[in-house]
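Chains here go by letter, A, B, C, D and E, matching the order in which they are written, and residues are numbered from 1 within each.
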Amino acid sequence: MQKITKEQLIERASALLRDGTVNHVLGWAQGEFDYDITPAVFSDESSLTGNFVWNDFCGANFSKYLVSKCRTLEGKILVFLKPCDTYSFNQLLTEHRFDREKVYAIGIPCEGMADIDKVKAICGDGISSIDCSGEKLSVTSIYEDSPISVNTADVLTERCVNCKSKKHVAYDELLGDEGDILDSARFDEVAKIEAMTPDERFAFWQNELSRCIRCNACRDVCPACTCEVCVFNNPKSGVENKAPANSFEEKMFHIIRAFHVAGRCTDCGECSRVCPQNIPLHLLNRKFIKEMNECYGEYQAGETVGSKSPLTDYTLEDLEPGEVFDRGDINA
Amino acid sequence: MNKKYLREDIIRMSGVNPKKCMRCGKCSGTCPAYDEMEYHPHQFVSMVESGDIEPLLESDSLYRCLTCFACVERCPRGVEPAKLIEAVRLTAIRRQGANRLTPNDIPAMLDDEIPQQALVSAFRKYTK
Amino acid sequence: MQRIGVFVCWCGSNIAGTVDVVAVAEALKKEPGVVFSTDYQYMCSQAGQDLIVSSVKEHNLTGLVICSCSPRMHEATFRKTAQVAGLNPYMVEIANIREQCSWVHKDMPIGTEKAIILGKAAVAKVNLNAPLTPGESPVTKRALVIGGGIAGIQTALDIADAGFPVDIVEKKPTIGGKMAQLDKTFPTLDCAACILTPKMVDVAQHENIRIFSYSEVTDVKGFIGNFDVTIKKNARFVNEDICTGCGDCVTKCPQKKVPNEFNLGMDNRSAIYIPFAQAVPKVATIDPAHCTMLKTGKCGVCSKVCKANAIDYTQKDEFITERYGAIVVATGFDPISMDKFDEFAYNQSKDVITSLEFERLTNAAGPTAGKLLRPSDGEHPHKIVFVQCVGSRCDSCAEKGKEYCSKICCMYTAKHAMLTRDKYPDTEVYVFYIDVRTPGKNFDEFYRRAVEEYDVHYIKGMVGKITPEGKKLMVRASDLLDGKQLNIDADLVVLATAIEPDKSARSLATMLTASMDTNDFFTEAHPKLRPVESPTAGVFLSGTCQGPKDIPETVSQAGAAASKVIGLLAKDKLKGNPCVASSDELMCNGCSSCEKVCPYGAITYENKEFRMPDRTTRVRRVASVNPAVCQGCGCCTVTCPSGAMDLRGFMNEQIMAEVDAICK
Amino acid sequence: MKFSYFPGCTLKNKAKDLDRYAIRSAEALGISLEEIENWQCCGGVFTTARDEIATKLSSVRILKAAKDKEQDLITVCSACHNVVKQTNNAMQNDAEFSSKVNRYMASEGGYDGSTTVYHYLEMLRDIVGFDALREKVVKPLSGKKIAAYYGCLLLRPGSVMKMDDPENPTIMEDMIRAMGAEPVIYGNRNECCGGYVVMESPELAKKKSGDVIRNAKAQGADMIITACPLCKYNLMKNGADVPVVYFTELLAEALGVKEDTNE
Amino acid sequence: MQVKEYKPLIVAFCCNWCSYAGADLAGNNRLNYPADVKIIRVPCSCRVNPMFILRAFQRGADGVILCGCHPGDCHYTSGNYFTRRRMAMLFSMLDFLGIERERTRVEWVSAAEGAKFAATMNDFVTQVAALGENKRLEDLRCKK
């Protein structure tokens, strides 16, 4: 259950629409199912009351939408930002990707988002509705007579289990309470893979990445991937989009993508959330983050506006590429 | 003990890198116990660096360092000689039967005014 | 489609000995775009070049591949050949089949096979080559020198003598800098003022030099050949053009209790002042922080006594914008603060002084009129201790001091010691040193004279603590060679303080996009080969802003910087390297990543209007590369996430084509 | 305002004045010092060897006791302060050391280095404030020329103690000014008195303490104040012919709370 | 049937100012190294896009080595510092994906280090040859 209610958000958004502070609201709208939430633009109060939702499935990070919406919408846009979204928000500001003047950002607390696949694993298929308003999720299924009660903690998405921050790093206004930056175990999974032998690692990723269907969802949702023209769409780049023919093609895609967002990725986890093949793509980004933290000092993209990412910076005493391999387990 | 091992052990224990020393002698220039010492702070640094540690272990200089950290504070190279002296001293008194001070020695040193602190400190410094 | 001609050189037997040149020419004939392929004994000879020229005409060639020696050897030659043949010089690629093939491989079939592959890679690249034309930009024939010390003075004089106008910007009311404060100079012991002040007069009288004193640079825009610089002339409340420098106002000013910065606070000046007798420009300046008239509106004495009517209490700061072709940074140095070194008791006793203060104490124009007297009680000191390396050569993690050697201290300390002993033979002089560093002409001889002839006590060891006690300074130090701790009851202690770049340098570097090292010294374009140029084109370095230097070094570097400036200003137009980065505006995100890695500040951003397919327009922030500033390293191209940034002559597509050709 | 308070062994024995005037003066300034329960000795000196673990545990326990009460910790004896502060620093910055300590202390719960340690003087400066102190002074010590004797332990190593500029401290001088007296600046105020080496080499202590006294007097002092019982002992024993008193005693006098505690 | 001896294919990117000149010096001094090494000239090591390296592997290269000026000696003052970070990150990602770390290397070779260039290439070729053909990074469709 989210601590802040949908009604509170609608009320605040309506008030801001009414007094002319904003002209549009970027928020979540009901999809076909209760757990199927899509981003939407609301421009009047009635559509807000009709379609706006806020529940445990509102994972979508709106920061990226600001890039295009600031260009196409007239007037000021209200955007709701969960703590993790604010990092992307700042990072995009660092990269001058949208006009801050056109945006009114409201920070909202987040208790973590639910992963529908985990819910399905518990409740089975045929879910007809999910009520997120109680302590626990109440899941109604066409196969069951009475709703099944599910602990929210058991179905949190991976990124929320390892939530890095409940603190907003940007907003114009904050609803609800401010949280803290957390000590998350987000690099544990990466460390586990690092501990494997190269052959095991190769097999692990072969298994994961061979499922890739190159649908580009990861790229399209990624708040760091806001290029005017993506290299994978550019015939001159030499790596333009192709259907995967064998194991290397999609590896190359994902390495290049990870490298392009390295130092800019805020670890928002959207890539893995939207992957229809459930590939743990965020691990590639986390690998870079972990590596850069260890080699060049802690850096959190988006924590402040205007910061210099480790790959656009250097020191005279940086490790050599060979030493990066041989540095051993510095955590030991 | 093996000479090289001894040197490494002292460097590890103290966390001091004697190679950083540029031989300016400021530690010895500032040391309040200089005149009471056979080996002076800068010599501790250079002798540990060259592995010539046995003479230091046998010298009373070990027990003259006041641990006042003047050398640590004023060293332009951040070498921290007092920490090195402490490591050598510990190496000496950790050896079997090498305690410098025993409870039996104490009464002779006492007067009415001496603060407890002095006894505790001396025991810490002079015994294992 | 290109029409490519391939020319395989034998280089006598140098190539032909291990590479079957005929086979190479034959194999490359089959490559896409190749319409002509041949081999010749010496392609770089006149006959070889003629062969190329005639082949271009005969076969209507648009691109050339020369399989020969290293491009570092003859790329320029063959580019000229192409130009003679009517081609763009950048339509030539070299396949290095000598240094990187025939000379390192022994086996003919292997060598031949590799030569063919290298040739294929070159063909693949030429297929994507485009004609390149170096950009041209005009050169404004005027130079700006920032800083009016000896470095700035010398640079300005040299440039002005070559016939170019020069402006000097100096933040103090007078030029002259640190050298004006010195007494004598090592190792010749000639008087600093005697050699400096004539130069200052030269500057003042030179028809090509303008001095902006009491001024600072507040903004720099533009690039090599065309810098637009804003200079702020601080209000000095005296009309410079009218003031005769007679000094009547200075004598009559009732506020006489202002610490005199020229004498480092060791005496006082009045609120209206001329820093020293030989100041240039010799005009008075009112210090607004201390002037009663400016603070309370009551006084006006200077205005009353000024026969020239030069006083103007209403004067405001003035901003001037000028265009310059070149900028020389000559911002100089300052001694570091002694606040964190109070083991030497600088803050506890007036009789612990810095070397620069010592210069003033011995200078005839100084606070004691050249008599060496203790600042505390005006008595003559009989025992003086000099401490070298104070704040120099410190560990980087130490919280105080500088990591580098300040270079000049050993010599000026020797000078101080010698002069003291010379003038006051009854004075005992001790110098505590870690090393005495005397590389320089007549330097070591000078130091030895101090020891041998003047009987200065040089003691190897550092001073650990100075304790003022009564009238004495108790100096505790070690004598490393004698193995003693010394306790000296000195009357005066002189600290040879480390020097650091002037504090204004950091903000100036940002304005100039010139890089600095961690100590705030400006970095050179190349430490060995381009030591007086900054990596930012058109910005040159003179004097201690680049690193610690003594006067002769400073003057020679100043001359070198001037000659670089003259070389630049002598050109009417600048021809750039055409292999520069350029950004595809349609793909650029405006994210500023490229700007962050560019060592030259060649990338700027502008908001540009784009016409959309639906006929609306949209303003977007995009990068633009100044080809006159870009040096073509390509760092930006890799940082650019969208691939909008590319490097002419080494385009992504071209390098990919080479990779493909090699890996085929 | 409440703080955890660690007096240390000597303050319960030979240096009772240092202790009781500290508590009295704090009360007068509106601060209550709550003595840590069942405290053990701080260890006397901080052993800089990184492999000395057990000898530092008692200091860690002091820090932990304050943390358990969610209070900042105040010490007054220079030696205790030095040991506790250096131990805390090691707990914060030496991961190997802190993990070893925490393994020793597994049964009593770990400690993470998060306690803030103030010396009594820092409390006066940073929490009470010297301006506020000045206002509370009822008996200004006007006319007195007082030399503050820091010794070595309060200030060094400067990077750890962070109390004041280790070569040019002002904290005690500012306190002296706040109490209405005139501070005497003298070079040897941060030189060692001879410390515990007095046990083995009374001559050394005599020489070092003598240097301090001579220098202070030469600069015009008619009284020396200190925060360290051992400093006081060494100075008194080695020919101090001006009064050497604990700074807390002088503070209590200025605050007008000295007489009623006379025993 | 003739059994063809396995020869690794090595792509070497060399910066124009130091390493390419170092390679030329190796040639001037007639220092041998295997012909398996093919050099591509770039203005600075920082011009090398990770995509080039991946492309080489995709097209069948068995090893890729990147040579630049020694840190501190970059002709463009800072290019190789960026290279150092970028390649450290790229290589550790390849390693993370289970690709043999011995197939990639960064080496600083100055214009005076002809001998180092030859020795480095000899060493790298031996190292890559020991691994055998690059299978994990290869796009089979691209091979003829």
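To be clear about the criterion, contacts are C-beta pairs under 8 Å (C-beta built on N, C-alpha and C of every residue); 3 or more make two chains touch, one makes a residue touch a chain.
For clarity, every value in this text was computed on a predicted model and none was experimentally measured.
Note on connectivity: the fewest steps through touching chains from chain A to chain C is 1. Note on connectivity: the fewest steps through touching chains from chain A to chain D is 2.
Compared on C-beta pairs in contact, A-E and B-C come out with A-E as the pair having more.
Seen from the Cα centre of chain A, the chain whose own Cα centre is farthest off is B.
Taking each chain's centre as the mean of its C-alpha atoms, chain B lies 47 Å from chain C.
The distance from the centre of chain C to the centre of chain E, each centre being the mean of the chain's C-alpha atoms, comes to 35 Å.
In this assembly, the C-alpha centroid of chain B lies 24 Å from the C-alpha centroid of chain D. A straight line joining the Cα centres of chain C and chain D is 50 Å long. The set of chain E residues touching two or more other chains comprises 50-51, 55, 78, 82, 86.
Looking at chain D, one finds that residues 158, 167, 191 touch two or more other chains.
In chain C, 343, 465, 597, 639, 652, 656 are the positions where the chain touches two or more neighbouring chains simultaneously.
The set of touching chain pairs reads A-C, A-E, B-C, B-D, C-D, C-E, using the touch definition from the header. Residues 12-15, 32-33, 35-36, 63-64, 66-70, 72-73, 80, 82-83, 86-87, 90, 101, 109, 111, 113-126 of chain B touch chain D in their complex. Residues 190, 193-194, 196, 198-206, 231, 237-239, 245-249, 251-252, 255-256, 258-259, 262, 284, 287-288, 291-292, 295-296, 310-316, 318-322, 324-325 of chain A touch chain E in their complex.
The residues of chain E lying in touch with chain C in their complex are 9, 11, 16, 20-21, 23-24, 26-28, 30-33, 35, 38-44, 46-52, 55-56, 59-61, 75-79, 82, 86, 118, 144. Per the touch definition, chain A reaches chain C in the complex via residues 71, 94-97, 224, 226-231, 234, 236-238, 260-261, 264, 308-309, 311-313.
Taken in their complex, chain D has these residues touching chain C: 158-159, 165, 167-168, 185-188, 191, 214-215, 218-219.
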